[in-house]
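First the structure, in the form of structure tokens, and then the observations on it.
Note that the chains are named A, B, C and D in the order they appear, and that numbering of residues resets to 1 at the start of each chain.
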Amino acid sequence: METLFATERLRTLLPRIQEFVETELYPLETTENLTRDFSYIEPVLLEKRKLVKQAGLWGLHLPEADGGLALTLCEFGQISEVLARSPFAHFVFNTQAPDIGNTELMHQYAPEPLKERYLRPLMEGTVRSCFSMTEPEFAGSNPTRMGTTAVKDGEDYIINGHKWFTSSADGAAFIIVMAVTNPEAARHKQASQILVPMGTPGVTLVRNIPIMGHAGDSWASHAEMRYENVRVPQANLIGPEGAGFLLAQERLGPGRIHHCMRFIGIAERSFELMCRYAVSRELEEGTVLGDKQFVQGFIADSRAEIDAARLLVLRTARHIDEQGAAAVRDEVSMIKFFTANMMLRVVDRAIQVHGALGMTSDILLSYWYTHERAARIYDGADEVHKSALARNILKGYGLDVKRKK
Amino acid sequence: METLFATERLRTLLPRIQEFVETELYPLETTENLTRDFSYIEPVLLEKRKLVKQAGLWGLHLPEADGGLALTLCEFGQISEVLARSPFAHFVFNTQAPDIGNTELMHQYAPEPLKERYLRPLMEGTVRSCFSMTEPEFAGSNPTRMGTTAVKDGEDYIINGHKWFTSSADGAAFIIVMAVTNPEAARHKQASQILVPMGTPGVTLVRNIPIMGHAGDSWASHAEMRYENVRVPQANLIGPEGAGFLLAQERLGPGRIHHCMRFIGIAERSFELMCRYAVSRELEEGTVLGDKQFVQGFIADSRAEIDAARLLVLRTARHIDEQGAAAVRDEVSMIKFFTANMMLRVVDRAIQVHGALGMTSDILLSYWYTHERAARIYDGADEVHKSALARNILKGYGLDVKRKK
Amino acid sequence: METLFATERLRTLLPRIQEFVETELYPLETTENLTRDFSYIEPVLLEKRKLVKQAGLWGLHLPEADGGLALTLCEFGQISEVLARSPFAHFVFNTQAPDIGNTELMHQYAPEPLKERYLRPLMEGTVRSCFSMTEPEFAGSNPTRMGTTAVKDGEDYIINGHKWFTSSADGAAFIIVMAVTNPEAARHKQASQILVPMGTPGVTLVRNIPIMGHAGDSWASHAEMRYENVRVPQANLIGPEGAGFLLAQERLGPGRIHHCMRFIGIAERSFELMCRYAVSRELEEGTVLGDKQFVQGFIADSRAEIDAARLLVLRTARHIDEQGAAAVRDEVSMIKFFTANMMLRVVDRAIQVHGALGMTSDILLSYWYTHERAARIYDGADEVHKSALARNILKGYGLDVKRKK
Amino acid sequence: METLFATERLRTLLPRIQEFVETELYPLETTENLTRDFSYIEPVLLEKRKLVKQAGLWGLHLPEADGGLALTLCEFGQISEVLARSPFAHFVFNTQAPDIGNTELMHQYAPEPLKERYLRPLMEGTVRSCFSMTEPEFAGSNPTRMGTTAVKDGEDYIINGHKWFTSSADGAAFIIVMAVTNPEAARHKQASQILVPMGTPGVTLVRNIPIMGHAGDSWASHAEMRYENVRVPQANLIGPEGAGFLLAQERLGPGRIHHCMRFIGIAERSFELMCRYAVSRELEEGTVLGDKQFVQGFIADSRAEIDAARLLVLRTARHIDEQGAAAVRDEVSMIKFFTANMMLRVVDRAIQVHGALGMTSDILLSYWYTHERAARIYDGADEVHKSALARNILKGYGLDVKRKK
């Protein structure tokens, strides 16, 4: 635990959560579970959720009114790290993306009837949801360009569009769709977020997109979606009309912390695997990997980089808690590329230390190597964040980089 | 074509091969083919082999007596690069590892009856083979430690052992097994290479090891093997008894060139994909990815690094042609880590430029990202090569690093 | 100011110090002052010290009894950063190495008469001192190997030895010499720290060693020293006999914080120079450097890296304040290599952005490029720290790397 | 010698030159010579020139008519590498920049009277020259922006302007000045190259600019220059009027090879120093630096990188010999940033291995660390070359990056 950011309840909670993860979830990291589609392990995980509830660890991220602990972002971030040590824990604790983001969003912006009907089961873990924003035809680095439209017709919206990377759509109960409702407005005020129940006529899950060779399924999948004359009531609007981007932005602040702390948990676990292997794998009689300076270098660099990244992220979390995400936009950009790259380097070093074993699904590392490469891309590619951060810094020195456009 | 290393016949051959690869094999890079097990595409590839034969491009790597062109290593390396641009081409041209290595080995060292019975169909492409050396219990960085034994019993050897990463064992007709025959000899003279027909009692393919989430099958798989009281005639010995390592070493020189030129082909194709995407993917109206300096930086660095690596490898190939692999051991170490790391950087940059698409199996890049991470491990991990190279250099300055042991 | 580590008095102090540095010291960064030997600017700096005293900012690092503020290490570290923004400020505030280290050492371990005679004027800034440990004949990475001896003779020690990198010996009033007093003791208990007044017969300042082309002089110099039958009273011993290394180790904890926060100040100022130039230097009409993504990349990476390093160092400072340096040995190793490398990267990027101007002594950057390259070497080379850190981590996993010796 | 590029005469010449450099020039690398201004060592070097002449090694770079060997660029590049192993050798062989560039330029473009009067003594080594192009007011990355003008007045030009980084102006006999003669022409056709004898009224050497703390003098200096109503005959024009940039461009091709091969020579010598120190510096009894994997890693990476860079540069040299520089513009960009960065990495590693000694002027490395940092800036900064290379590559894919302007 990073003592700078420890709180009274974390001192009690974190060890309990860590113990749960180690005892109940580490044993699930079998070759089979790391290789087969998610639906194979899903029933087991749903059983584990009962243990979470029994242990009183369910819904930690929720407001007090909903049985949660009203944790600060900085507190929940630290829990998120511990959960990320297992690839299954966030799901088991019902804090998995994109549901946690949809939960937060709906708490703040969904009208009561939607909350009652969709948010409640989401919090209870009886349904899953998804978020449908990215479109294959437009670069994700510029999210204000969008082809999907929602046109009013009587009491309804009629939605048409093509999306992809609608993560976890497979098996979800509903979709929050981003669509242009106000094409005449300024770029950033054109889109709205609309809840679409899965199964509404015109909604097609085209395919689960194969990522790194796996299409996956259920929660662990990324769908391509078609919306063809999909009719939903205007009452399904979340937040004000035209506020789609604003809400998406707002979601990003805490979401960034969740992601980054997840990266740190992954890095920390990879580090641990690397060290364990380094002390046990014999190269020749009496010499193990850890005796070698090359391996020592991997370990030392990783230790320093993980610690530095964690401090950076938790500082940002605290700042968001204190000042709101908008006030620390630069920090929010910074932690994303810094932490994602750090994590991928640590995973890569851990693989290298494991040699051939590191390639296999007999251990966890290749799972992260493939599934987490996307960390440098989704939610803002490195290059987008670096450019945004620098432009904002230079604005403080009097330069408006965007003046030219 | 690198004019420094161009030869008359390459000037004719290379464009023909490149055209074949582009016309016949690029179209096979569908999402489905990049996602499903090898056996799915295999029949199509076997059909393509007929076209190779029709085009007179079969067996390029073979001696003239066997219908080949007696190409130099430096010439074949350049062909290998072009073939590597497609993940299917080496198989279609019957120059895939480990068969090409076994072919070379058996040409030189197999007794006539083995050549007749096993090498001939291998050259004809009617059977496949595999090579069984690495053992899970011992670090690959020290190949002289080995648990598998072959004990004489009458006219036979009785083989017992446990191996893994026996690539392409699934569906192979025979295995070349490395086993200790002379346990009393010096470390480097203990093992021999023995041909074991698949199906011999006691040979078990335990599993195709899942690599990065895929067990794969057929040629594209890596088996764990058990040998329990496997009885084969001593006539199945390849090369002299106790010469197993020597032969393995010998295999490494040309094998290294094959691998490295393959890496360069992969890097070159990835570079091409990156450039194509950079000029076509729009970020906003009138601006494409290639307009951005970050992307330009990826392109410039990659161009320089690929060219430099190719020159380094082809120089080494020529030196092996002229002086033999033993004379340029340092170069052979050097090209491995230099080229493998370069290739992985280029693939990674190409993915980054493609954004979310780069993660998917809709394009080729993630295939290489997962399948080729092993390049920094197999056949000598980076760290092993760097240390070996440095020790050898320092020997030239009077230091025997190994003196301490 | 890093709010996580801000304290009430820092909120008042830091802006006052920063203003002093900007107003009084930045104007001294002329080409001439950055080019000529230290003695050229020294009289001006001694005048500035009076202003420091007038402003009530003198002796901040001292105990309250000596007119200081009894700052915590974490507080002083933050002051150290601000001072480091000017290459002259630490000297002007009398907090320059090695005097600050000697001050701390003598406060704790010097007998009263030495304090009265040597420490008092040191605190008043009327004399300077130096620390003589490193020897050219032995690798600095193993400080327990030492050729200098101090042999008892009556009431005196007689010292013989050869040292170098005795920084600031030129013009110092006294030297603290590390010498072997107990050759029969265990390696780490052989040496003692003995105060030798400059001018004692047998003490020779052989030369100020030219570093990066400059021998320098006065405080800004690094001497080679000879000690030939140098006789000093045994009463000049600092701390117990044989405790030399222990004391040197103890000095390292806080000293590491001083150094690292200095690195961060240098990085921060370089960052500022880079940004200022980026917004003002025109490439063509209407386009400045900051419009270019390459430059934006430098800025974004630097911002993230500086912030991360600062958090890491201040965390360690706080831990030392709370638990003592011995308890956080790993952190103390970690911050050194992490921060030194970060600083050198930022300086290098700032130079690159300045182009030809960055090479010149018309701006500050080349001063740091040359003078601070040593940061990765002195006080433990990167490699030494990485190996020590990794070994200590692996000990936690049950491996004693040193077992073999 | 890189056998791929060896020629008959190089096989004889190179060892002779290397021996000369080692025997006559390595002993000059004393602390004093590496620290003091160039004029201190200059008389000794001028004596050494006599030995060069006696040995028949003078003027190797010249056309046969002028006593040279009419070496190809690829041949001379290899000589340049060997000379670069000593910081004094190029001067001693009269192949130092900027004189070698001016020599080549004047051979091709100077009218006969200028050749007779200025080129002849240049070739004889009795005078030195300089080239005055860069202006402090305009970014070097865009050389077509220029404030210096040459206005016709009767038979003369009257030149006014402000330049800097006019290397080696101190003590030069004449200057080749780049000035705008045709302000109405297209950007690239505005300037001309005009020979101005040093001492012409109105020519002021404002100062030798301090670089990394040293102003230097004589050949080893970089001047700031003022031209105020400087009157020279129009007959001093070199090449056609308005062809200034064209000629400067032409100079760059071969100049790039000279520079890059110089970088390689520096890297190679640094590598050698690193290895020698690694085998001799004891860390503890029986263990030297070279026993450590960290050091082995530095050595292995450096060996591979130097070899790769050399092949890249010599390939480009050969292509220029065969096809002219214009045909291989991409390669000419590529080698610059690739080789300069490689060289600085190798120098940096060699310093790190030397520890404290590496900082000093007791050995050569810090000389290069400071003097050669500029390699990533002059003659096109890394960023300029990378962007130019990428734009040119992308043009091949159909994108005109410059279309927007």
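One rule holds in what follows: a residue touches a chain if its C-beta (ideal position, glycine included) is under 8 Å from a C-beta of that chain, and two chains touch if they have at least 3 such contacts.
For reference, the UniProt names are A, B, C, D = Acyl-CoA dehydrogenase.
As the structure is a computational prediction, the values presented were derived from the model and not from experiment.
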Where chain C and chain D overlap in contact partners, by chain label: A, B
Centroid-based (C-alpha) most distant chain relative to chain B: C
Between chain A and chain B, centroid-to-centroid distance (C-alpha), Å: 37
Chain centre separation (chain A, chain C; CA means) in Å: 43
Separation of mean Cα positions, chain D and chain A [Å, integer]: 52
Shared-contact residues (touching 2 or more other chains) in chain A: 292-295, 297, 383, 386-387
Touch list for chain C against partner chain B, complex: 292-294, 297
Complex contacts: residues of chain C adjacent to chain D: 31, 34-35, 134, 136, 139-142, 145, 164-165, 209-215, 281-284, 289, 292, 294-295, 351-352, 355-362, 366-367, 369-370, 373-374, 376-378, 381-383, 386-387
Residue ranges of chain D touching chain B (in the complex, touch as defined): 2-4, 275-276, 278-279, 286, 288, 290-291, 293, 295-297, 299-301, 303-305, 307-309, 311-312, 315, 318-319, 330-331, 333-335, 337-338, 383, 385-387, 389-391, 393-394, 396-399, 401, 404
